Amino acid sequence: MLKLKVDINCDLGESYGSFKVGSDTQIMKYITSANVACGFHAGDPVTIEQTITTAKKHNVAVGAHPGYPDLMGFGRREMQLTGTEARNYVIYQVSALQGFAKVAGISIQHVKPHGAMYNTALKNEELAKAIAEAVKELNRGLIIFAPRKSAMAKEAAKAGLRVAYEFFADRAYNMDGSLVSRKQFNALIEEPAKVVARAVRAVKENVVEAVNGETVELGEVHTICVHGDTHAAVKLVEVLHKGLTKAGVEVKPVSDFI
Amino acid sequence: MLKLKVDINCDLGESYGSFKVGSDTQIMKYITSANVACGFHAGDPVTIEQTITTAKKHNVAVGAHPGYPDLMGFGRREMQLTGTEARNYVIYQVSALQGFAKVAGISIQHVKPHGAMYNTALKNEELAKAIAEAVKELNRGLIIFAPRKSAMAKEAAKAGLRVAYEFFADRAYNMDGSLVSRKQFNALIEEPAKVVARAVRAVKENVVEAVNGETVELGEVHTICVHGDTHAAVKLVEVLHKGLTKAGVEVKPVSDFI
Amino acid sequence: MLKLKVDINCDLGESYGSFKVGSDTQIMKYITSANVACGFHAGDPVTIEQTITTAKKHNVAVGAHPGYPDLMGFGRREMQLTGTEARNYVIYQVSALQGFAKVAGISIQHVKPHGAMYNTALKNEELAKAIAEAVKELNRGLIIFAPRKSAMAKEAAKAGLRVAYEFFADRAYNMDGSLVSRKQFNALIEEPAKVVARAVRAVKENVVEAVNGETVELGEVHTICVHGDTHAAVKLVEVLHKGLTKAGVEVKPVSDFI
Amino acid sequence: MLKLKVDINCDLGESYGSFKVGSDTQIMKYITSANVACGFHAGDPVTIEQTITTAKKHNVAVGAHPGYPDLMGFGRREMQLTGTEARNYVIYQVSALQGFAKVAGISIQHVKPHGAMYNTALKNEELAKAIAEAVKELNRGLIIFAPRKSAMAKEAAKAGLRVAYEFFADRAYNMDGSLVSRKQFNALIEEPAKVVARAVRAVKENVVEAVNGETVELGEVHTICVHGDTHAAVKLVEVLHKGLTKAGVEVKPVSDFI
C-alpha cells in the first residue's frame, strides 16, 4: 500500500537588510518547502542568499515567493497591475531567485505568489494567467502552490504546470472552501491538537470542517501552509510535523510525490 | 589577412516605469552590445522586457548592467558596500536579467557594472573580485567589460572570465590611461570627426592621444562605449559606426570575436 | 461689475533624481498654481527644492501633490490603503513640502491628491475623509482641489476646508459630470480652439458639453487642470491662458479669489 | 547649588511597515529624548505617527533622525552625496517629522543625523555644513546632537544653532576622543555598573577613560546616547537612569537646560 505523503510549506527569507523578521533557522527543521521572498515585498539579496543556503543545509525545497512591489505594505495591499506588469514582475523575481539557487547548486521547486498577489490570483483570472505564463516561460518544471478551487490552480493547469494543492492548517474555512477572513475573530485555529487533527484529516480524507460545522470537500491536499514568525508558531509546526508522521503520513517536499 | 573587429556598446533600458529616458530604439540601429539596467539604479521589469525584445530584433547582444541600489542617485554615487553585499547584488541583478533573456530565447553576452560601481571597481580590488566571482558563479561564459588597465579586468581574468577591453570614444584620456573627470571642462570629445578618428586609431593602433598631447598605449580594444541619451548622441553613434566600417573595421558583438 | 477669475493648475516637479520629465520652466509662464510631487510617486528632495524656487520666481502658487507610495507605477495604480495609512501618507508628504516652502519664504496654497489617490478619492468616502482630515490637522488654511461633485469635495467641506472646484479643459466629460476614461479613444480634446472654448464656457456659464452632445451642469469652476509634459501641451496652455484673458477672464492663483 | 542635569537619547521609530524592530514602548520609560527615523533609512509614516504619540505620552522630547536614502543598508553605508543633496534630504526628512509633531500638538526639540550620515558629519565639513544650514533654515530653535569635538558641532555653532554635546555610555573611546570602531572586539562596554560609572563621571567630571587607560577630556556633556533594540539594552538604560539619579544627576530633556 502506498504511504500518504504531504509537504509542509512556510514563508521564509522575509528580512530586509537590517530589518530582521522571522525564525527561519528554527522553522527549517520542521518544514519541507520554503517560500523565499524575492525582493519586492521583502527579502534583499543578502537575505536571499542566506535563506537558500540554510534551506539547502536542511534539505528544505526552495520556492520563489514573488509579491507586489510594495515594501512599505509588505505586499499585503491590493495593487491594480496590468497583466503585462504582473507577468514581468514575476519573471524578474523568480529569475533573481533562480540565480541564487544555481549558485548554491540547487534548483527551484515551486512558485507561490505572496500576500495580496496570492489572494487576488485565487479569483482574478487575468492575474492568475499572467503569473502562470511567466512561470511557464521561465521553467515548465516549476510547481505552482495554490488551493485546488482557485483561478490560480486553473490557469496553472491550463499552462501545463503542475499544481500542488494547498491546505491551511491553522486557518478556519468557509463552506465554499475559502478561508475565513483574518478580520474575523475566528479566522485562526490556535490549539495545536486541533491544527494537527485538521491537517491529518485533510490529508487522509480530503475534507475540513467549516466554521458552520459542515464538512467541506477539499480534494487532494499536497502541501500544508504554516507560519513561522513567532516562537509559538515554530512550536506548532514541530507538533504538526510529529502529528502527521505519527498518523502515518510521510512529510516530504512536494516535488518528491507529484 | 584577418579583418579588424570591434564592438560598440551603450547603456540602455534606463527608463523606470513612467520615467522615460533614452532613445533606445534609435540607438539600437548602430550599436552591437546593449548594457541593460537591471532594476537597482534604473530599469523596471517591464522596461527590461521591452529592451531585450528590441535588442533581439536589432541583433544587438545583451549584457547585464548591474548598479548600486540607489534609484534616487541613478547609481552614480559611491556607496560603501561589503564584498558580500556587492556579490549578492550582482547575482540578483544579473539573474533577473537572465530570466528575461531566457524568455526572449536569447542568452546574455556580458556584464558591465554601472556608474559608481563601475568606477570603483576599476581601482578597488575587493569590489572587482566580488563582481567577478558573482558572475563566474552564475555563468562562466559571460564576458566582463572593463578597461584593460583596471582592477576589474584583472579580477575577471583571475576568475577565469573573458574580458572585453573597453575604449571611450567621446572621452578625453589622462596620461596614465584613466579618463579625464567629467568635472573638468575638457572631459568630453564632441566633434564627430575627432571621435571617429580616435576610435579608428584605438582599434587599429591601440593608442589614444592624451590631453597633454602625448600618446597613451591602450593595448587591444574590443568594445567602444558610447552614449545614446540625446539626439546628438544617436547621430554621433551613427557617424562612428559608419566611420569604423569605412576604415575597414568590422563592427560586431564582442562575443563573435573574443 | 466683478471680473470673472480662474486659476490654471498643472502637475510639476515630477522628475526623480536623474529621471528628468516635464517641461516645468516653460509651463510655469502660463499657469497660476503648481501641484508639486512630494516624493512618493515622483519628486525627490532636490527636485522639490528646484520646483518651489522656480514657482516662486514665476509667482506661481504652490500646492502639495501627494500620491501613493508607488514610484514604479507613478502613483497611477490603485492601492488599497487603510484610512490610517492614507492619512499618515498625506501628512508626511504635505509636511515635507511645507518645509521647502518655508525655506523658500512662501506658503503652500493647496493640496491636490495625485493619480490613483485622486481618482479613488472622488468616490471613496473613507479615503477622501482621511485626506481631508490630514490636511485639516496640518493647516486649516489649505485649499483642496477637487471636482465639485466628488467625495473629496464633500469631505473637505465637512472638515471645514475651502475647496477649489476643478475643470479639465482637455478632457471629455460624461453626462454624469465624470471624465471619459483615458482608455476610450475620445477621452482627450486636442484641438486648441476647442479646449479654449470649453474652458471659457465652463468659467462663464458653468457648463460643458458631454460626449453625447448634451449640456452638463458643472457648478462654479475655480481652477482649470492642464498638462505640461510635452511641447504641444505647453503650447496649449499658452493658448488657453491667452484665450481666457481675451474672453475677459482673469487668470490668477485660486487663493486670490476664493 | 545648581543640580547637574543630563539628557538620555535613543534612536526610535525604526520599524518600517510590517518590519517591526526595537522595543520603543519599553525604552520610552527611561529616556528623555527620542531620535525618530524619518523614512529614508527606516520609519514609515504610520510608524512615525505612533512613535510621536508614544513619546508625547511619556513626556519624551522628540527629535528628527534623518539618514541617507538607503533602506536596504539602514543608512549605515557611506554614500557620497553633494552638499545640495544632503541639504535637501535633511530639509525633507525634518519637515516631514515636523508635520507629525504639529498634528500631535508638540514641537521638535532636536536633530541628530543617523548612521553613516552622523559618522561622516563628524569629520566632513561640507556635509556638516549642509546639515546645519538645512536645520537653521527650517527652524533656528532646533538643537543639534553631536560630540563636542566634531565638524558637526562646529558647523552647527557657526550656523547659530545650539548644540547638545553627546556622550556614548556603552562605547569605548580612543585617546583622541573618537569612538573605538565597532569592528574592534573591545568597542562595546557591556557591564551595567561600568556603563553607569562612566556616564556619571562624564557628566560630573567631563572625562572618560580611553581604551589605553589614559583620561580623555570630553568637555561638557549634555546628552547620553543609548541603544534600545534588545531586552538587555532596555534593562541597561533603566539601570543607567537610576544610577544617574542616585548620583545626584537630574535626567531631563536637553531643551530644559541648554
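The chains carry the letters A, B, C and D, assigned in the order they are written, with residues numbered from 1 in each.
As a convention for this text, contacts are C-beta pairs under 8 Å (C-beta built on N, C-alpha and C of every residue); 3 or more make two chains touch, one makes a residue touch a chain.
Keep in mind that this is a model prediction, so the values were computed, not measured.
*Asks:* What chains, if any, are shared contacts of chain A and chain D?
*Replies:* Touching chain A and chain D alike, sorted by label: B, C.
*Asks:* Could you label the chain C-chain D interface same or different, taking same to mean over half of its residue numbers are used by both chains?
*Replies:* same
*Asks:* What whole-Å value do you get for the distance between chain B and chain D if each is reduced to the mean of its CA atoms?
*Replies:* 43
*Asks:* Between chain B and chain C, what is the separation of their C-alpha centroids in Å?
*Replies:* Those two chain centres are 42 Å apart.
*Asks:* Where in chain C do residues touch at least two different other chains?
*Replies:* Those would be 44, 72-73, 85.
*Asks:* Could you list, by residue number, the parts of chain A that touch chain B in their complex?
*Replies:* 39, 44-46, 48-49, 84-85, 88-89, 91-100, 102-103, 137-138
*Asks:* Residue numbers of chain D touching chain B in their complex, please.
*Replies:* Touch list, chain D to chain B: 69-70, 72-73, 77-81, 85, 116.
*Asks:* Under the definition above, what is the set of chain B residues touching chain C in their complex?
*Replies:* Chain B reaches chain C through residues 15-21, 42, 44, 71-74, 76.
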